[in-house]
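The structure under discussion is supplied below as structure tokens; questions concerning it will follow.
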Amino acid sequence: MRYVEEYRGAEEAHRFVQALHARVTRPWTLMEICGGQTHAIVRFGIDQLLPPGLTLLHGPGCPVCVTSVETLDKALAIASRPGVVFCSFGDMLRVPGSERDLLSVKAAGADVRIVYSPMDALALAERLPGREVVFFAVGFETTAPASAMAVHEARRRGLRNFSLLAAHVLVPPAMEAILADRNRRVDGFLAAGHVCTIMGMEAYGPLARAYRVPIVVTGFEPLDLLQGIHMCVAQLEDGRAAVENQYARAVRPPGNAPAQAMLQAVFEVVHRTWRGIGPIPSSGLGLRAAYADWDAERKFGVSAVGGREDAECRSGSVLRGLLKPPECPAFGTRCTPETPLGATMVSSEGACAAYYRYRRFTGP
Amino acid sequence: MCLGIPGEVLSTVEGPLRMGRVAFGQVIKEVCLAYVPEAQPGDFVVVHAGFAISRVDPEGALRVFAYLEELGETAEKLGGQSP
Amino acid sequence: MSTLLNRSCPAPLKHSTIQLAHGGGGRLMRQLIEEVFLEPPPALAWTERHDSAVVPLGTERLALTTDSYVVTPRFFPGGDIGKLAVYGTVNDLVMSGARPLYLSAGFILEEGLAMEELRRVVASMREAARECGVRLVTGDTKVVDRGKADGLFINTSGAGHVPEGRSVHPRRVRPGDAVLVSGDVGQHGIAVLSVREGLAFETPVQSDCSPLTPLVEALFSAGVDVHALRDTTRGGLASALNELALDGGVSVLLEETSVPVNEAVSGACELLGLDPLYVACEGRMVAFVPEPQAEVALAALRGHPLGVAAARIGRVTEGPAGRVSLRTRLGGHRLLDLLSGEQLPRIC
Amino acid sequence: MSTLLNRSCPAPLKHSTIQLAHGGGGRLMRQLIEEVFLEPPPALAWTERHDSAVVPLGTERLALTTDSYVVTPRFFPGGDIGKLAVYGTVNDLVMSGARPLYLSAGFILEEGLAMEELRRVVASMREAARECGVRLVTGDTKVVDRGKADGLFINTSGAGHVPEGRSVHPRRVRPGDAVLVSGDVGQHGIAVLSVREGLAFETPVQSDCSPLTPLVEALFSAGVDVHALRDTTRGGLASALNELALDGGVSVLLEETSVPVNEAVSGACELLGLDPLYVACEGRMVAFVPEPQAEVALAALRGHPLGVAAARIGRVTEGPAGRVSLRTRLGGHRLLDLLSGEQLPRIC
Amino acid sequence: MRYVEEYRGAEEAHRFVQALHARVTRPWTLMEICGGQTHAIVRFGIDQLLPPGLTLLHGPGCPVCVTSVETLDKALAIASRPGVVFCSFGDMLRVPGSERDLLSVKAAGADVRIVYSPMDALALAERLPGREVVFFAVGFETTAPASAMAVHEARRRGLRNFSLLAAHVLVPPAMEAILADRNRRVDGFLAAGHVCTIMGMEAYGPLARAYRVPIVVTGFEPLDLLQGIHMCVAQLEDGRAAVENQYARAVRPPGNAPAQAMLQAVFEVVHRTWRGIGPIPSSGLGLRAAYADWDAERKFGVSAVGGREDAECRSGSVLRGLLKPPECPAFGTRCTPETPLGATMVSSEGACAAYYRYRRFTGP
Amino acid sequence: MCLGIPGEVLSTVEGPLRMGRVAFGQVIKEVCLAYVPEAQPGDFVVVHAGFAISRVDPEGALRVFAYLEELGETAEKLGGQSP
């Protein structure tokens, strides 16, 4: 596949690796923001090629990991209503709420369906006029335009049996929360390339300056990641803290204007609680009043009942780069992908699950 | 999160909601093109959750290799410097 | 090593009800089998961890196996549920070194199923049985109320004859054995996904469903001392290797670049965020053979049209039972774990 | 004689979709089997009209059979679906003169099934297998989405060994043969109905489900040259006799007053307007034996606790193939026809 | 079972048979009205014991046989509505309407359930408040009080999701239609014992007198039937035409007063079309206006679309005693229980089905 | 039609809708007794579609046999008359 295979060459990768070995003089800790990046790193074993002392931490860029228990409990309550068709991306189905997950309400009789796109949920609403179709809108700035378009189209087409449980979150406030932590271990960021295709790079300048941290907008293929790491390390070694764009083939500094306009029209910035991390001001997107009729929370009157996270789970520390998964006492014993205590053990991009699935044995 | 895959626009359907057929290697899927009004057949776009979110810039696509070249030259230079 | 992989100490079943994942061919399913079907006292159930049981009948060795087929949609590019029901069970017999001879067919029909569809499925089974040289000798039909099934479920059980001198079993696997795969992986799973409601995409991929009898017979004809075989069905190549590694008490190391995956399959996997190593096949197998016979075995496989893409993909190593790992194309390593449930499209 | 009973000229299938009656064990089901499963060219399917197929395996004779179990409710007085799944398949083996040896078990589970219920069913299968002296040697589990099954379906297939010299087959039936039944009929069906939603009534009736192995072995031990056997399951005694009469090409005449029906069963049948001769059993069989051996055979059956109520109920006569008639207690005659579908309570 | 076994004794039956042989001097044709009687006659082979020339005809007393195609089409239309739970006695499920039967709409997805009693349908309505439960109220005077009570209780309990598709029919008008036919073959009637437990015997006096035909209210066991036949034959041989009561243990001449009162409260007499026979004035029971809210026809607005009966079917003649089933050209060839052309081939009490199932072969 | 079966009333539950348990040999079912207000435990009732529609009159129940007796006597009388 074009624009994929070219970025996976072993020879080029090794030249990057050599260059990294040559460039690094001190230990550095980088965090890749996006779960998709985490996935590529473990899939290709990139972390194992890095110079000793150069550490990658998995960031909070996995919506499955950061969606709050409270929001999940709302989702479970709505999905359990008779007549509701609850549509979600696949990975959300295994995330535990206070007591259950979507798979278990499905097993108990709820009509929960996996969709590839919010537009699939919309199409379902058109096909099933007698049912209430709800889309569980999780995800970052990359996904929010898709949700926005679905709601917008629902209004345009007069589909009143469609609604959105809006749980979108924003990356920059989370990065700031990580940076502001006094125990922070992160020296530099690989920013999430696809988020930046939508939002551009402007938000990162102030962060880089305020916290004096290099931020490199990075893609998802091995060469992208290796280049992003190299660019970040180069800045650190040189004592710079700038925003740079590794992922130039997809990211333009101002981002995607039509998508931003749609986000603006449909959503407004709201406070959100992040699982493990806690409340972060202005870190989410909620539906504007004009779309109140398509707001599932309003339609179904689910009230916030203050969901409980598992007390033993250290995923907040994992997500902020303060703890590596195997350092959590529950890891691999009481907490496994079959019996996850935290969301980071659920998603295949979750830091704990990635460690468990790909790195559990030492050595080949 | 944010699984985005580059595919080639095969055809577009203009209308209130711009749609198109996009090829990912030998796999073809219908995709919403509303957010890439500039994308035309032959262009590559990055697709996420059924939406094209960005047109691939063929020039930008070469930068990785250019960077690698530079690294090589730097290394040679450095190598050249050392003796 | 995690205690989860230690069979003497399985984690308690967390779920009080059956989840889809209990049928996904991954870890939950293994747990279900161990704790509900095999657990104490004196095991109720299948005592052989194998595609088929091999048991005595008078002076002969009989291979028995069973599988139910519940695939949706029932017709997909390159095959249908009827073909699968014949090939799948034939293949399980073949994986124990048996010559498949007889099949039974148990139909569970949902009231309202189109008669024409049933006819098509039966015609397909007839054709597949002919192709495999097996006879459908006994059958059963049950009809359940509308809404109590999903159109059509088929169970086929198979009986085969194990010729003298053959011994194919996970416990014969040895460190150093070469690991072969009989063809490129993942076509079946992608073909089925491509026509699944709400996910549909266009692709030239056709199901790889086919009988493995000629490939296995080719190995034996070539004089290969086949140690173990497994068809790579639910859960794909990675799951089949995990099963064999667990049951044989060994580790397996694969070379990513050696695993044949065709381009359309890998494109679909990129799009959906799937790992092709976990995508189902219905006409592929892995063979564990002694290292010195690896090339002979490979040549034997490649000599048959169904085996032209056969490849040597890795080897058995000393190490913890059940560890399957992969050397990536970049030289890193990663585990190929048993999945918790079915692989879901990582769309987000 | 009606053309419908003339197998060379079956009426065309009227239904374009599957109806419940296609699984009811009656005429529609026979039609489905003949026209979809057995029809031309070269029959796909079971070539032997018999509870089991008897086929060669090397130098031995192998009996094979399969059945799916979909009973609701799954637990009923005197048994459960797990027991049925073992006994039912064991009994089909035994009906061909085989010694049952091995079973496979294929589970189709509906997402959301209580794990505890599955455990109970499996425990029951274990116990039943132990009792029958058979081993469950291979299995399969599939899980389908909620709403795509009805909790739990089980397929069991059975393999048995037919000892030298035994030949039990409908084609051996001869005019003059005595017809025996191994016990009173209809208990199973009434036990299940008594706990069915919307029909519930109180009754001491327990399912008669039990293995028939000891009774058949008793017949052979007594030196009886058993011509044919059939267990009286779906459709009850009358359907089993219809099947045998059709397959053996003979008529059968029963004496109503000789057919054992216990009092509670006949009371329930009066209430619901059912004919006990069509009510299912799961531990009864009919045996066709040479008239001169009838008394010996009866004594052999009665010598076992499961056969104490065995009775001689009629005889084979010359006449059209498949005609089963009954001399009523008043001396009139009536046909015992194959049912069109399942017997429905004649409540009105 | 008490009051059952006593009436099945072979010895007594043979004494009755002997008495009949002794008493009969000429051919007589009797009609048993009720399908339940038909059932007992074929079950015990009573017809085969009678003197030659004494013929039994099966009457119209099988609601499955006489419910009009039009009513069936309404039932099929209602059952096919989404959300409806359609409850019926078992045998109605196989009766063909113009194009389909209830089993096939069930197979196509309708929720059709078999009940033992209308009260079971009522209980279902209580258990499924979100569904519309409809009871298909077929049957004669025996069954109508059960339907009446169900509607009455629905009103009392305020169950508005229950309704009745009323198709009840009355026996005396049908007997009169048979008697009025100038080709009639019937010399005497065995009246339906259970109908008379409810309605008593008063309606039959005028008929017996007007048409000079003996009418014997008869039970359902072999000795009941044999006695009823004997009583009828005795009248015929003696040239009498009176109403007599064979079934004294269950039938009182005035009938069942509370049941009649309930019928009166809930139903009114209406015209009805009988399948095969055609319209008969004042031959049915329909819901009174006070129960209009529980009237399924009204609730679902199904209009009479004039259902078509199969042109080839002679069931009208069969039901009126003008034709014996084997005399119908379609019998056993184009018309069988698997492919019934008429309703009389469907019910196990239907005359054609009874012949087919029990008498198809001649001789044992 | 009109399948009616005699059963013995075991117990009654009075109320807005009179109900009771009725035994049919060894089978027991709940039945509506609203139409047989006179029926008490020990009585037999004829049950149809879940309703008792009539109380069985034990005296009336003997009439069949009485009729048969009379027939026999008549036959004897006739037989006696003949020679």
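As written, the chain order gives the labels A, B, C, D, E and F, with residue 1 at the start of each chain.
Heads up, the rule we're going with is that a residue touches a chain if its C-beta (ideal position, glycine included) is under 8 Å from a C-beta of that chain, and two chains touch if they have at least 3 such contacts.
Keep in mind the model is a prediction, meaning the values are calculated, not measured.
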Which contact partners do subunit B and subunit E have in common?
-> C
Provide the C-alpha centroid distance between subunit A and subunit C, rounded to the nearest whole angstrom.
-> 34
Could you please state the distance in Å, as a whole number, between where the Cα atoms of subunit C are centred and where those of subunit E are centred?
-> 59
What whole-number Å value describes the gap between the mean CA coordinates of subunit D and subunit F?
-> 37
If you average the CA atoms of subunit C and of subunit F, how many Å lie between those two points?
-> 66
On subunit C, where are the residues touching two or more other chains?
-> 15, 17-21, 111-112, 145, 147, 263, 266-267, 270, 346-348
Which subunit B residues touch at least two other chains?
-> 1-3, 5, 24-25, 49
Going by residue number, subunit E touches two or more other chains at 1, 4, 63-64, 89, 106-108, 116-117, 120, 139, 143, 349
Full enumeration of touching chain pairs = A-B, A-C, A-D, B-C, C-D, C-E, D-E, D-F, E-F
Within their complex, state which residues of subunit C touch subunit D.
-> 13, 15-24, 29, 32-33, 36-37, 42, 44-48, 52-53, 55, 57-60, 62, 64-70, 101-102, 104-116, 118-119, 122-123, 125-126, 129-130, 135-145, 147-150, 153, 155, 157, 159, 161
How about subunit C: which of its residues touch subunit B in the complex?
-> 194, 201-205, 263-264, 266-268, 270-271, 273, 346-348
In the complex, go through subunit E and note every residue touching subunit D.
-> 1, 4, 8, 10, 13-14, 39, 42-49, 63-64, 89-91, 93-94, 103-104, 106-108, 113-117, 120, 124, 138-139, 143, 222, 332-333, 336-339, 348-349, 356-361, 363-364
The residues of subunit E that touch subunit C in their complex are 106-109
Sites on subunit C touched by subunit A in the complex = 1-4, 11, 14-15, 17-21, 27-28, 31, 198-199, 253, 263, 266-267, 270, 272, 275, 317, 319-320, 323, 325, 327-335, 337, 340-341, 344-348
